[in-house]
């Protein structure tokens, strides 16, 4: 009696929690600046306008930011996945001395606050001649995502029944072939998850993007969107419009990816 | 060909105008190319960005436009180079013509580190229409302001309407807000040696004044959350009788499409304490020479050009920005753009 | 081509010994069937051969070369996994084709081979399904097919037909036999099915507790089980084993079983020895005619339980108390389906002397025949 | 040496020779990209931070860097600001990590169900995350604003007096926690959702048949099998909670009165605002050690049990 | 207590019909065995009963109440999954105990039940292992045990003994039978093993292509298969089916098969009908004595292949060309192990008239006996 509504309430709270800020941004993107200063505040735009979208595109090269962010995020994601796949496989399926140490070292990377590493990182990137290029971001992003992606992949590799991989090796696969043709496809949910984690991390990141890649041509979204603000003003409506433009493709992308990931990929493979 | 790269943070600093100036300079100096870099709108983000670059001794910018609060730190950190070697006697005229505040900030430990670019000051904006309607003259002192606000608030009986909108969030503007009545008492925070020397009674009075305004509901309680943009928006929405803000806000009130107070805005100097003097907060931007520049001499020359009265006049006229040089305030054309 | 020799193979998991001292020489083209109780190590042995598990001791010698260190893919063996181990993300077709395509077989040839195998395994309509959409038996057939299409030098089958119905199982068994005869490759086959073991094997290895208990042709295993374990394990219902006290005749040439004299002078039996007498259920007759006049042991019994299986009936019989401690025994007899008996019925059963198996009661080993024997045997 | 020992030795030698070498050399090659990336990107910065932590490097001081041994650390231990920041950071961890785990788990469970609301749930799951971190704090600062915030608007409509959430220490803590949980539960949910997808359906079936209630199935099947994913989410969520910067900074700038100053904010102000690089580095190393200490518990669990 | 009635159950996956028009009434305490070829829908049927799969059509009625919508956990049924579905993270003990502890059974009682089941299934030494460290047969036993410890009202077994060795399988079969007799709960049991089906079942349902092809007691199914499918499916080797042309005697009371007159007046046979003659391998005798003087069909044959299975021998015989088209047939005969024949040998086989099965050649249905018959039958 009491249980059912409780569950629904929990679900509703979770949904509202997830949606509200995004919806608020969406609503704001149709409001005028002055409306934000009204008290009591308004929820629905009083004078809905698309001006903010016009401004979003005309004040700054928003599409360029989108493109840059996409390129940086995609490339760093691929790089992370590549490195993480190898590392995860070595950690889970191969005989590796000091497995625990390797694992700890890998996770420890995530424990240094990036802000403190900024200056030396800048020096490295300058040394590599990558400042103000995608490369300056791709490499550090790949590293940032590496620990979590490796662990996610490792936990999935762990789930793939060993005998399926054995079958592949008997069928004539090398270990590497077994990894790419059998283990990896069977870990698809993990690969997608790791990919999304890496992608969004790159898509979101601000600090490195500001410091290492300030050239107008290669600027990424978070840095770009903050350019809408003036020294003293924070034009929420235009920024909201830009955010909407930034979020929608990302959301679509992730949902598409997620929907392709079906659960129980390994069912039917093993008896027992 | 020499390439000079100039950092001009965000759109608020009007890189477009300086681009035009740079074009002029390029025209008169063949073989020099000027590139303008930007990337962060607020002075805080600019500082974050620059501190990474300069910490890494990065030579990619030759000249920097800095918020007036930054040069001191940058200079002590050795990130910007003194200009004295490149400016002989000019130094004196520059200093003489500048607004008084620049005399302090341009010189750090006796050396010339920066040149003025643009300046800004805080003003009191008020609703001409409301004051006229209630037959109240623009206030000259804080007490007058408080009374005026209270009267109007009572009569308008509009819950959305605030008396005075002022910044209280932990940003630079707030420091200014705090200092306005303080300065108005004729006090200073730095003693002649540049040491911090707060006059406690004056500071206390200053705080009491703010608290009084809050208690009288002239200022809303949440003032500590209010940032510069909030004040602008509140006033723009017609929800404040008075607002203290920077000079740029004038443009916003009069020109923005969503402003409901077009033509209803008046501007006066910041009120004084009873028996005190008017004081205001000056802000602004300055040119500095990166210590890691590979073309210091050439850059200095360009800075000289940028800081020249002609350039400043150009910027003032084109951008309705306050000029940093006293003589310009007498210029008729300039007075036409800035009330 | 592929002679395989296992030399003193041993394997343990954690503290448990799983396999020990496995010695086995397999000739090229031989069909070896491994049988043994659940958990005795059959699968482990196959997995060691395939290179999936490492032996802790001993050597696997293939064509004279130790392959202990050879990775699975270089062994060119095909294994039907007991748990199938299908590729869940591939269709049945791709499951079958994978081993070929990975080795660069031309597309057309793959297609042809896969279709042939699918036809044989009655999988053709299912080729585009994924394993998750198959029934248990269908999955098992895919697992078989995956091995059959391969051109391996050694085929390993781990209970490949266990989930198929009797009819299909018979067909598949025939197909495997045919395949073996056609390609002549060495095959090692684990099964729990008596019929499969008896019909397919050139030799059967009976494994118990990780050791090979007996190795021999099906006939040897069946007719001369080396131990009571083998005797009890092969054959269903299993051989009746009776621990009997023996009385000896004066010349020790015959012994008295249940009061009847049975000649034992052909056996290396020792008067001190306790013996176990083995009688296969199908050797228990209830009509004297079936004996064709052979000398036989005759015992009185009561029918306790009958289980009609159609073609035949399994009768559980309690021996009647003839001597002091015979009444404790029940035996199972396999009677033709048309022979009707009913519970409670009293009857006399007869077992030809020649069909008696003699084992040492202590060690459970078969009592060997005398090398030079004036045997006094059966017809 | 007896024969047995010898044969053991030989066996070990053999084992470590052939297939092991090829496996471990493959392991080497597979690890190489990751190692290279790390070597390229992390080693120098980390080494520099550690190095700097033993020096007194203040960009404000006239003198150059001077080796001071552990004195930065000693100072840190004595610095009440540090202790306050540590306390606040840990408090933030203690609330937001379980909070995000709970919310994330709820979202993941909802998103993993085969029902018609799955699509919206998946959207709800990732939207907070798609809003760049740089803006999340600002949005929540706005929500909790006394005048213009949605929360106070609701309070007002419900007849309560507005609360200046971000100006009152306890409320600001709460506000920061809410914002943090909101933002980070997506990460947790995504990892848990992936974990849920690896649990074979047949196990749920078996448990349902055995008469387990939803809760029992969750408790005895889902939860244990979700443990690896849970550990991963926990490790990274804890680490990033210890490094909380953006959201509290955007919401309160560490205020009121430095009450909501996290370690990261403190490091930031020290190293960047006050340009005290040496001391800032020492604080960063301390933060690292704290992260290490806390997550090593999980890590051990992870590679003992799950991995 | 638990009477179960399936009413016109139907199920399809995608476009494929898996089950159709399944009607089955099961009395409380009955033991029903489902048999049928691989992929015919047996597991699907069990899963529908357990509530794991939803029927597309029809009703499952338990004790008079439709349970189509009842979630699995409220059905109180125990199912041995064909693929085990053990909890990988729990030890064997916990796997067995889970179903009990979930229902709040006292700890001590759980322990006792689990240990009893483990003892019975010979799993005691393995109780602390996780499933991954078990052999195939051991896993299967855990799966059985998980069902056995439960106090369910309905037990469903999906090929529970397929991976066990013959000896263990016999023991387990007995245990299940004993359990059934003791607790008297309804049990539904899928198997491919003839012996299990015949010995356990009160009634057997033969399923083919998703339909129940015949439902009856083991004896009925075996002795009077309703269709050629059932005839061919039950029994191993399967019944020999010969499509024969019939010549009729003038009075239509007997037909000539291979030139011999066989009385058919007891059958509802129609002179126009093409018929299929069924002969079980065990009914083919090569010595006349076994017939005990019954009237019999006698055919000449040549031995083509012999497969000695120990207790018996399967002989494949080619019929000798007696009439125009008899030479195309081979039949399999099941001969006692002691009867020695050798390939190439010529012999005469005899099949008692009573043991001939008559089917309609077109529909494959059994030709019924005449209701009023002046039968002229066998002894």
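Each chain carries a letter (A, B, C, D and E) given by its place in the written order, and its residues are counted from 1.
In this section, contacts are C-beta pairs under 8 Å (C-beta built on N, C-alpha and C of every residue); 3 or more make two chains touch, one makes a residue touch a chain.
Note that the structure is predicted; figures quoted are calculated from it, not measured.
**Q** Which neighbours does chain B have in common with chain D?
**A** Under the touch definition, chain B and chain D have A as mutual neighbours.
**Q** Please indicate which chain is farthest from chain C, where distance is taken between mean Cα coordinates of the chains.
**A** B
**Q** In terms of C-beta pairs in contact, which of A-D and D-E ranks higher?
**A** Higher contact count goes to A-D.
**Q** Using the average of all C-alpha atoms in each chain as its centre, how far is it in Å between chain A and chain E?
**A** 57
**Q** Using the average of all C-alpha atoms in each chain as its centre, how far is it in Å between chain B and chain E?
**A** From the centre of chain B to the centre of chain E is 95 Å.
**Q** Take the average of all CA coordinates in chain A, do the same for chain B, and state the distance between these two points in whole angstrom.
**A** 39
**Q** Among the residues of chain C, which ones contact at least 2 other chains?
**A** 71, 82-83, 133-134, 136
**Q** Give me the residues of chain B that touch two or more other chains.
**A** Answer for chain B, listing residues that touch two or more other chains: 48, 55, 230.
**Q** At least two partner chains per residue is the criterion; list those residues in chain D.
**A** Within chain D, the residues that touch at least two other chains are 147-148, 200, 202, 272.
**Q** Taking the touch rule as given, give the residues of chain D at its contact with chain E in the complex, in rising order.
**A** Against chain E, chain D makes touches at 200, 202-203, 205-213, 216, 220-221, 224-225.
**Q** Write out the stretch or stretches of chain E touching chain C in their complex.
**A** So the residues of chain E in touch with chain C come to 13, 35-39, 43-44, 82-83, 133-138, 140-141, 158-159, 162-170, 192-195, 198-199, 218-219, 222-223, 232-238, 280-282, 289-290, 307-312, 314, 334, 336-337.
**Q** Hey, which residues of chain E end up touching chain D in the complex?
**A** Its residues touching chain D are 50-52, 71-73, 75-79, 81, 83, 85-89, 98-99, 102-103, 146, 150.
**Q** State the interface residues of chain B toward chain A in the complex, per the touch definition above.
**A** Touch residues, chain B against chain A: 9-13, 37-43, 45, 48-49, 52-53, 55-56, 58, 60, 159-160, 173, 227-230, 232-239, 245-246, 248-249, 252, 256-260.
**Q** Considering only the defined contacts, which chain D positions touch chain A in the complex?
**A** Those residues of chain D that touch chain A are 20, 23-24, 26-34, 37-38, 40-42, 44-46, 48-49, 103, 106-107, 110, 112, 117, 119-136, 138-140, 142-143, 147-150, 153, 156, 182, 185-187, 190-191, 193-202, 228-229, 232, 235-236, 239-240, 242-243, 245-246, 264, 267-268, 271-272, 280-281, 284, 287-288, 291-292, 295-296, 299-300, 302-303, 306-307.
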